[in-house]
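The letters A, B, C and D name the chains in turn, as written, and every chain counts its residues from 1.
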Amino acid sequence: MTVPVTIRLQKEDFDVAREVAALSRGRTDIGAVVSFSGICRSDKADGEGDAIAALVLEHYPGMAEEEIARHAEEAVSRWPITGLTVIHRFGRIAPGDNIVLVVTASAHREAAFHAAEFLMDYLKTRAPFWKREEGSSGSSWVDAHDRDDTAAARWAKS
Amino acid sequence: MTVPVTIRLQKEDFDVAREVAALSRGRTDIGAVVSFSGICRSDKADGEGDAIAALVLEHYPGMAEEEIARHAEEAVSRWPITGLTVIHRFGRIAPGDNIVLVVTASAHREAAFHAAEFLMDYLKTRAPFWKREEGSSGSSWVDAHDRDDTAAARWAKS
Amino acid sequence: MKVLYFAWVRERVGKAEEALDPPPAVATVADLIAWLSQRGDEYAYAFEKPKVIRAAIDRMHVNQDTAIAGAREVAFFPPMTGG
Amino acid sequence: MKVLYFAWVRERVGKAEEALDPPPAVATVADLIAWLSQRGDEYAYAFEKPKVIRAAIDRMHVNQDTAIAGAREVAFFPPMTGG
């Protein structure tokens, strides 16, 4: 059976409840649904200076969808999941607003948790998105974190 | 600052979206919200025989709340989370319906994921709830899984 | 002391709770299980595999070698299957 | 070949994309970075730390020693910070 995979890149906000319901509605073979919502914080990524006014997310149209699809496919092949959804916003996002959503469904909780963590770690390090912080004193690009690379590395197949 | 912890045992269903929103609304210090929904499957826990008609969840009133509260407190002390919610239903639950919800919020995704997994592993093995499966040929208590004990054991402090 | 039973332990004993006053020689949870097992067939059946039985004293999980002195509420139940 | 720039690479180069036809001696992604760096100050600035720059060929991540022969679309960008 084909596992339903939904990938959307959009400027608009998303509705966590609708996406969770979409993966489980009308099915009785799903025991676990994990959702991860990534939200814009107001503190700067480097922890210094003033609060940010907004994040601006730039992406590589075309590649972003394809790269996420490749990792979604890998998640489906590695864990017995029954459905997954990835939504990533781009454009201007205010503190407190949603940035990214990953929802995974499975018969068992381990698979749902692992697939969601795997997808988030890869979104952080491999999906072609770049964050710029806008503040009262100008704007600057967010640096990549070594700890995100470390987190992603744990999923590498030996 | 006190971390908001919500624990509810109830017969009624819950609303994932409302609980996710309650943890993050009006705050700009939260970067990650993880939700886990445990859902009633129609296949029997031992994989044998007919589909189940319903699960009936019995619990130990008083102890269940206290036991969940102890683990919520431990999660708060182990990870930098900014809020958590645990809702566990009891009574009769039909296939496809919600059983349990854990929502964790944090500045960072690792803490939110770890705290949610920790709480679920402990709910499975330590919270005083017992599932009975009702089917066309009678009803029977669900056996505990060794793999749930193994999952919970990984959180033990050395 | 109030003794509570849950899930199939409750079903086998045939009641959800009762007030009991075990003799002083019944010192631990294991002693209490052994003492209960001799109260009748329904108890013997409920506790036929004592190692499977989990216990709580005053709403805290305890091992079977825990002393019951001072306990107000002792509960017996199968391994938990919540979540 | 279409060459794309993103984030601060785009800002430094001063454009989002351009069509380029590098000479045959430019064989790898690293060669292309070196060749671009000599096209002007804006490129030299964008690629001043070539090891930091990530590259994709036809929308797949590649290492800088990857050959560019046959590439339709080459993209340069900083380490990703999505999610």
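In this section, a contact is a pair of C-beta atoms (placed from the backbone, for glycine too) under 8 Å apart; a residue touches a chain by one contact, two chains touch by 3 or more.
For clarity, every value in this text was computed on a predicted model and none was experimentally measured.
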item	value
Number of steps on the shortest touching-chain route linking chain A and chain C	2
Distance from chain D to chain B - Cα centre to Cα centre, in angstrom	48
Rounded Å distance between chain A and chain D, as computed from the means of their C-alpha atoms	26
Separation of chain C from chain D, taking each centre as the mean of its C-alpha atoms, in whole Å	71
Numbers and ranges of chain B residues touching at least 2 other chains	38, 109, 120
Contacts with two or more other chains, residues of chain D listed in rising order	83
Pairwise chain contacts, counting only pairs that touch as defined	A-B, A-D, B-C
Complex contact set, residues of chain A against chain B	15-17, 20, 24, 26-43, 51, 95-96, 107, 109-110, 112-113, 116-117, 120, 151
Residue ranges of chain C touching chain B (in the complex, touch as defined)	4, 6-8, 10, 56, 59-61, 75, 77-83
Touch list for chain A against partner chain D, complex	38, 45, 57-60, 62-64, 66-67, 88, 99-100, 120, 123-132, 141-144, 148
